[in-house]
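So that you can tell them apart, the chains are marked A, B and C in the order they are listed, and the count of residues begins at 1 in each.
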Amino acid sequence: MGVGIQVEQLNAWFGKTQALKNINIKMAANHATAVIGPSGCGKSTFVRCLNRMHETIPEARAEGKVEIGDLNIYNGTPAVQVRRRIGMVFQKPNPFPTMSIYDNVAAGLKLNGFHDRKRLDEIVEKSLLAAALWDEVKDTAKKKSGASLSGGQQQRLCIARALAVEPQVLLMDEPCSALDPISTGKIEELIFQLKERFTIVIVTHNMQQASRVAEFTGFFLLGSLIEFDKTEKIFTNPSDKRTEDYITGRFG
Amino acid sequence: MATTTANMDLKPLSLQRRLMDSLMTGAAALAVVLVLLPLGAIFAYLVYKGIGSLNWAFLTQTPKPVGEAGGGMANAIAGSVLILGIASLIGVPMGIGAGIYLAEYGRNRLGNLIRFTADVLNGVPSIIVGIVAYGLVVLRQGHFSALAGGAALALMMIPTITRTTEEMLLLVPLGVREAAYGLGVSRWRTTLSITLRTATSGVITGIMLAFARIAGETAPLLFTAFGNQYWNWNMNQPTAALPLQIFTYAISPFDEWHRQAWAGALILIILIVVSVSAVRLAASRGMLKGAN
Amino acid sequence: MAGIGTSRVADTVFQGAMLACGLSVLALVGLIIYQLITKSSLSWHAFGWKFFFASEWDPVNDQFGAWPFIYGTLVSSAVALALAVPLAIGVAVFITEMSPRWLRAPLAFTTELLAAIPSVIYGLWAIFVLVPLLRQYVEPFLGRYLGWTGFFSGTPYGIGMLAAGVILAIMVVPIISAITREVMTAVPQQQREAVLALGATRWEMIRTGVLRNARAGILGGVILGLGRALGETMAVTMVIGNRPEIAKSLFAPGYTMASVIANEFSEATGDTYLSALVEVGLALFIVTIIVNILAQVLVWSVTRGMPARSST
């Protein structure tokens, strides 16, 4: 079951440059929220602050309150523990190249100390099914390397890997931008199904994708959240002129 | 309209320039031949002069006293194994650790200093390393030893392995590390189980190349391990080593020993070539070793 | 799911351990400098600067002058470079610009194979193959036609400065060639095309479009080769004759800094003797460090920081 995300006064910096300014946003549980905006607007930074990945970059820091469910992740909890509750799928598929498909999916569990063989088999199958990859790899999962799959398959493998640890929230940073249209379609279908079990935040520069997949959308510009509302409203009747300029293609 | 063009494309290329071109091509080819000639000659002589003396006795016996025929270099081969083992035990972990530091934590001024120092250390003459190990170990112990020899060789391994390990770790894409962080894996675990694991074949290649290099080193052993006519497995005693034995025999006035020097040299070069090739082969297949 | 602690402690400990390994590299240099300076201080205080200019090496009377070794090191390295540089550059040019594609990798591999041969094996081959060759054919030939220069006079023993120079040349060709190839490949293709478009022959293109641009890097490679030649011990020791003499002729025996240490260190009786040898080592160390740093800087300026391995 997914949980809601509440962000209050979130600020983030790269060294001296401020990348996010006073972000306040409430994202509903078991729904998909799209994050859109032109290049450099801070949408990736925002999402990476939600699982404290932002601070892995040297000289980067973030301040504010981010509540995932009932846990304020900036309140002293170790980042490593935070990230175990939140799954992330990256722009470029990044399966572990020296591991088999099976081991890739099981990686999150194994690296955190879970070794029950039988249960692992069950969880891996469940995750690959949820990621719509099981049928394609069920015979070769233990033999073939994760890196031997096609781009679209690799991304689904990364989704399966994220799902295997049963996160409460799934973050996706432009998950389809490196994929062809058919793979993109498959993943969008997937997101539809996953919404029922997880809360999803998806960064996308593709506005059509946002309207296809997400119930809510937030528009970012130059580090600030300009408008956040139901997707339908953002794209048909935006309140802010800047939003309107963006979605009609006047810039970005 | 009358134009005076230079008609450059109608004039044939001057003979002098064409000759020069051919001459330089010939000169470069000649250089290649002149360089490959000694290489071929060395290998040819090693086989020609060494193969006759390579027999079971040679590989299993210790040297006979001067003047007597026969005997072998078994103790030297064993001694090399002992000394190289000690060197690897010290040098490999330190080198990998330093390489990990440079790649994962060392993108800063301290890291640059270490990087620069490692490159400089790679150029220190091996005889100097011998002097250092002498002062460090031999003087303290009061006698020559395999330990001192191993320490000297370890000193040579560390800078090499450091740099190759760093290089290989940097080849691992950032995305792989981020995938692990995203799963909530701690940094040290990510570095060892994911990053280092991905770079394994490259790191091992680097280690083997360093190993092959020190396997043939003689100078640092001259006054550390010192050599020994008999078997020795005690690391606190002077120990024979294959390159040392080759040297001693080669400069001696005895034909018998010259013969054995060639055989020893043949073994040494075979060992070096085999270990380098074996690792290169395993590396090219090793990338698919995924099972946990 | 099993949650393992905070791992903060483990992360800190791990980072500390890796840092310690990294610092050990710095400690190594410190160790070397410390050992060399402390063990040579006796000799330094006894002889001062004169040590490097005096020619008398007399262990019996505790008189030590290192000039013959410095001379021998310089001359053998100079001979080596004189032979190696044209050959190495020729090989590099051939492999990079002239060789047919299928030949490129095998040629590169074989020249690098030369670098894998241990010094003692070079020495072995040099004693029994190179030296007789020099003694029977090359040196008499050189003596007859070039003896008037003074460099090729005297009895051709085979063993001597020329033999040392030749074997050193063979040993440093791979390094100079590898660096030269690296910097030549780093020259952008546009440079070559620009020269060709002006109607140049291939050699002219190589000369002005590639070699000229890679000048600094090639010089760096040569200096790196020099660094290697200066410190080379075993092969030189086996063929140079090991006599602390200074002679104009290359046929004469000589002695290098590395060789005297190799030959006499384990038998040095007396503290001054040992200290003098260590002082020779200190001088060798300083010279090779400076030379190598200079080379690294030059190579780096062309390849922009790609790792320049000083020994393959």
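Following the convention adopted for this analysis, a residue touches a chain if its C-beta (ideal position, glycine included) is under 8 Å from a C-beta of that chain, and two chains touch if they have at least 3 such contacts.
Just so you know, these numbers come straight off a predicted model, no measurement behind them.
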Chain whose Cα centroid lies at the greatest distance from that of subunit B: A
Nearest-to-centre chain - CA centroid comparison: B
By number of C-beta contact pairs, the top two chains: B-C
Chain centre separation in whole Å, for subunit B relative to subunit A (CA means): 47
Rounded Å distance, subunit B centre to subunit C centre (Cα mean): 16
Length of the line joining the C-alpha centres of subunit A and subunit C, rounded to whole Å: 55
Residues of subunit A whose C-beta touches two or more other chains: 80-81, 84, 112, 165
Interface hub residues of subunit B, defined as touching at least two other chains: 186, 189
Junction residues of subunit C, two or more chains touched: 7
Residues of subunit C defined as touching subunit B within the complex: 7, 10-11, 13-15, 17-26, 28-29, 31-32, 35-36, 38-39, 86-91, 93-95, 98, 107, 110-111, 113-114, 116-125, 127-129, 170, 173, 177, 199, 201-204, 206, 224, 227-228, 230-234, 238, 258, 261-262, 265-266, 278, 281, 284-285, 288-289, 291-293, 296, 307-311
Of all residues in subunit A, those that touch subunit B in their complex: 51, 53, 56, 58, 80-85, 87-88, 90, 92, 94-100, 103, 107-108, 110-112, 142, 145-146, 158, 161-162, 165
Complex interface listing, subunit B residues touching subunit C: 8, 13, 17-18, 20-21, 24-25, 27-32, 34-36, 38-39, 41-42, 45-46, 49, 93-98, 100-102, 104-106, 110-111, 113-114, 116-132, 134-136, 155, 158-160, 162-163, 167, 186-189, 191, 212-213, 215-219, 222-223, 226, 243, 246-247, 250-251, 258, 261-262, 265, 268-269, 272-273, 276
Subunit B residues touching subunit A - in the complex, by the definition given at the top: 107, 173, 175-176, 178-186, 189, 193-194, 197-198, 200, 287-292
Of all residues in subunit C, those that touch subunit A in their complex: 1-4, 6-8
